[in-house]
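This report refers to the structure that appears directly beneath it.
For clarity, chains are labelled A, B, C and D in written order, and residue numbers in each chain start from 1.
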Amino acid sequence: MSGIGKTSRIKSLWVTYYVTGCGGIELLPVITSRFDAERFGIITSATPRQSDVLVVSGFLTTKTLRRIIRTYEQMPDPKYVVALGACTINGGIYWDSYSTADKLELYIPVDVYIAGCMPRPESIFMGFAHLMAMIKGDKADGWKRYHENYKWYKKNQDKALGNSKKWRVRDV
Amino acid sequence: MLTIALYFAGSIITYFTKKASAIIAFIFAVLANIAFVFTKPLNFHLANFNLNFSLTPLSYIFGIIILTLASFVMFCYPNTKERQYYPLFLLSLTGISIILLSNNFLSFFFGWELMSVSSFFLIYNNKDRKAGLLYLVASAVGAYGILMGISVVYAKTGSILFTSFSQNLNLFSRREIVYLIFLFGAGFGVKAALMPLHIWAPDGYREARDPFTAFFSGGLSKLGIYGFLLLLFVFIGTDRFATFHITKWTLAWLGGLTAFLGGFYAIFQTDIKRLLAFSSISQMGYAITALSLSTSLGVTASLYTVLSHALFKGILFITAASVILRTGKHSFDELGGLVKNMPLTFIVSVFAVIGLNGVPPMGGFPAKWLVYEGLIKAHYPGLIALMFAASTTAFLYSYRFIHGVFFGKRMPSLKNIKEAPFVNILSSTILMLALLFIGMFPGWVVDFFSPAIKFLGFKVMVHTFGTLSTPLGNFNGFLVGIVFIIAGLFATIVSLFFSRKMRVSSIDTYSSGEALTEETPYHYSSNFYLFIQRDFSGFLRLSARKFYFSIARFIENSAQGLRRIYTGNGQVYIWYVIIVWIGLIIGFLYKGGFK
Amino acid sequence: MTWAILMPFILMFAGLLYMGFARKIHARIQKRYGPPFYQNIYDVIKLFSKREAAFHGGMFHFGPVLSLTGIIMALMFLPVGGKPLFSFQGDLFVLLYLAVIAPWGMALGAGNAENPLASVGIARALTLMLGYEIPFFIGIIPIVVRTHTTQIVEIIQLQQINGWNVILFPISALASIIALHAMLGNKPFDQPIAPHEIASGPLVEYGGKYLGILQLYQAGAILLSTGIYVDLFFGGASNVWMFFLKTFLIYFVLLLIGEVLPRFRIGDALKFFWKWPLGIALLGLLVAVLGGVR
Amino acid sequence: MYEDLKKDIQGKFPAKFEVIRERRIKVSIDKNSVLPFLSYIKSKGFIHLISISCVDWIKENEFEIVYHLWSYTDEIHIMLKTRISRKKPIFETASEIYPVAQTFEREIHEMFGVDFKGNKRQIPFILEDWDDIPPMRKDFDPLKYAKSHFETEEYTEEVWTKVRKIQKFRGEE
């Protein structure tokens, strides 16, 4: 990856905050004056088409997970996923619920996990810093993994969410 | 004279041929078009009127513009299978060639009537009788105006020749000339759809047979401008007309109002051809304002507007014709997303719309530029603002047209619409290339107009091959065209590298995660400018058409009142006679009896 | 001549810096640090270095191309400053109509994006244009009619002699500056690309290189609009730095005004423009005409 | 405490009236006279139907449907309870009296499988493409469903040692 291209990717991360659960409250101070993510070039983007990072913050009900996957597929490459909170790591307190999926890892490739039941803004910034380091080291290749073993991801998605034309529009 | 004969013969022959009427009509049109250029003056007597026909430089220009556009439209694929389409089309062309070639009032009026009647039959259909009848009544009113004008002139000068009228102009007092301008102006105003006389135009254009509307708006409405030019500068003469300040002022502001209101109404139309009709009314308003300045800049601007309007309106109406031919739908609410099915038609209409808006590389800009320069020179500061407002409305309604027909998500019902017929695309592409040419070489166009401008008695403006220059400023069309091409090439190259194309289907657009299906109507097109409509609904309710119909109703009611007096049975009338008789006696006695 | 070729790219680069300063000022007003002023340059480079960009069809691709062409052409004809004025000899109307190609290109491209949000965005943009274009032009008429020329270069030279037009026609200048505010698409008049209501309007489906081109167009449009205003009302500029100083000052003042005003509803924005700025502009025209503009 | 209300209700309907505490009354009634009771009580000022909930008495093989009513004038909260059979859970809708009941009944229909006769919108409500028995019933095992649909990582001893190693490495002991 050329130098200037990579630094510009690090210096300007446009984010789609997919607020599914209780993580949204932590994201507000991240964006606004208290912690101000914009000083690192991290701004919210209006549509997935314009964004590079998908932040999933909160539990993954089956209904929301279908929309998350569609939004992820609408984002142009190279794209990164930051998952906030315990619910995306291993189901969190909803681990045995009939309507929430447990590991986000099985459905879309996640680059950075930020542990916590909901992490505070400081740890969210550490997560972003970690993501930037991974981009610099060319390790943030979630989108490559999604293309390479899409079948595996598709199998998991069908198992949990059912494969119907009603929600899956595009086979990547 | 050969042209008239050829057109007339063509209309007769195409009536009888079934299959090949299209090709024969086209051949006759092209032959007549070529013959038009070589017409020799002709003079023949008819019941002690000597009818004089000759080709003046002004009619040469208008002939080239109108008749060539006619042959292009004749080349297109007719939407209607009716037998009388081509004969009537050629008949109206006969009328037009008679008007252009005639040098006397009688044949001028005959040609005018022939054109009106034949175009009426091409508009009239029993789906919407009112539109056709409205057109007939309006052109009849106009024709009577012209007829009265001719009779006044004949009474005064004793001969029906144009030259006789313009030579002994001093016979007419100033007031009579204003009446004449009013009379002739009404006739020509109806044809050019000037504002108070425009009510026939929107419905008339909508009901006209499809490819014919392209000629109807591109060519026929130019006869009104030709009439005005003839009236104001040939009959009355430039210097004489320059003294009529009030008429010049009213004509200019009438044209300005037509331009702005035509454009403003066009924004809210939902029917394709009604929108283009209002846009034609607005563009003709430009031409009339320009010619009413009675300066060399003004007349050149008017001729340029006529030429560029004929080209881009011809293209747009041909596009509308092919869209209606393929989909059978008229309104924007049912169309949308046709760019996938008809890409070539789309490209042509985008260039035509760029021309309509007057954006530099295309032909519309020099016309608008000359209008503005003329207005500044003629010290009309208020009118420039109105004309610029009119050109801003052009952006809105032209995008409404392109978006309504071609953009947005296509309904499943429009899935297998075929591309427009090849003939339509070919003729509109040639018109588009002509539009691009007159945009990049405005100097050449002014050269083409210069004999007519001199004939009208004006000095031709300073120009070289690619540039126009006026005392206020100059415009280098060639340079702008070249810079457009270079910048365009650079931008295309820039856009070809860098990111790859992520091909995405029409149901994969951003809908905040919801999955769309082919059937979901995820399309914004009807009530495109609702937020303007809501605020100006009061203003939009009043319309000239309602005004005229209220007058008509008022006359009808008052007529009802009269019926109470003329009851129609004998006794009442006898009573009236007796009463009058008694009144007379009393009056006589009161005056002093049998002294 | 060569300067005329290079100037558009310099102005676009400067436009990106202006947008960077605008974000910095915007942040400072909200008591936060805000990105470095050269942030927009990083954004554009990132957008161009994206590996993929959504593609909806031919016109979707050529929309941004047409807008980049339009903005390059318009900036080539914009007199920037200094002796050769770094531009082709442009007429005022030529420049005003060239400035329309770029938004027109974006509108055509976004229309092909098959997304109602984009269509609503364009309908709003055109309604807004109907609103601000007329007062802006009426504000210019007294200058053109008084100086008897539509060549911008001559208007600039005349201003050096008998004073800036903002002093000669203060009322028209006021009307035009309000209209300029909307031309720049700043805060109270950013309905067409309102991110919260219609997901950034026409840009909803644009990503990657297309969005990069449109960012360049927006940067160029800032310089173009403020440049026209400076050339007509603030006496052009003797050299390029003075041009940048003057344009940035106007941009900065309008930015501050914009910060405190919430976004209008689009219908109210049109009504606002046809009530106050149009009234002021007509008043200015009347004053100029009565003042012997003949 | 609410003697007059009690006499009034027990005069008209064969209902068991019990005052739990101030402003909280429990009324148990037979399922056939629920609708007349509701229309009567509504005319008495209990205009606000707060919600309808359902309790699954699996041992007695019955569903218990509870109507929570509130009166703004007397400020009393009545819990109207009635029992319907669990095998054939059919009941009539209260949406004619309280229009808001339609949505409550729709949710109970989805979560418990109770069919409300006359409810015009008994369509899926929260669950999308649900293929199992109504999930709020006691005989539904969410853990088994979760395990069969969504894989999750068991926190075995071996996983814990890995986590502790990472924490020591990061010095967060």
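Everything below uses one rule, namely that a contact is a pair of C-beta atoms (placed from the backbone, for glycine too) under 8 Å apart; a residue touches a chain by one contact, two chains touch by 3 or more.
What you are looking at is a predicted structure, and each value in this text was computed from that prediction instead of being measured.
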By C-beta contact count, B-C versus A-B, the higher one is B-C
I'd like the most central chain, judged by C-alpha centroids against the all-protein C-alpha centroid. C
Can you work out the whole-Å distance between the CA centroids of subunit B and subunit D? 72
Could you state the distance in Å from the CA-based centre of subunit C to that of subunit D? 60
Dist(centroid_CA(subunit B), centroid_CA(subunit C)) in Å evaluates to 35
Which subunit A residues touch at least two other chains? 47, 49, 66, 74, 76-77, 166
Could you pull out the residues of subunit C that touch at least 2 other chains? 49-54, 199, 204-205, 208
Give the residues of subunit D touching no fewer than two other chains, as numbers and ranges. none
By the document's touch rule, what are all the touching chain pairs in this structure? A-B, A-C, A-D, B-C
Please name which positions on subunit D make contact with subunit A in the complex. 126-129, 132, 135, 140, 142-143, 145-146, 149-153
The subunit B residues in contact with subunit C across the complex are 337, 339-340, 343, 346, 350, 354, 357-360, 365, 368-369, 372-373, 376, 379, 381-382, 384-385, 388-389, 392-393, 395-396, 399, 402-403, 406-410, 471-476, 479-480, 483-484, 487-488, 490-492, 494-495, 497-504, 506, 509-512, 522-525, 528-529, 531-532, 534-535
Which stretch or stretches of subunit C touch subunit A in the complex? 23, 27, 30-35, 39, 42-43, 45-46, 49-54, 195, 199-200, 203-208, 211
Footprint of subunit A on subunit B - complex, ascending: 499, 502, 504-505, 507-508, 510, 512-517
Per the touch rule, the subunit C residues reaching subunit B in their complex are 48-59, 61-62, 64-66, 68-69, 72-73, 76, 88-89, 91-94, 97-98, 100-101, 104, 107-108, 111-117, 119-120, 122-124, 126-127, 129-130, 133-134, 137-138, 141-142, 144-145, 148-151, 199, 204-205, 208-210, 212-213, 265-267, 270-271, 282, 285, 288-289, 293-294
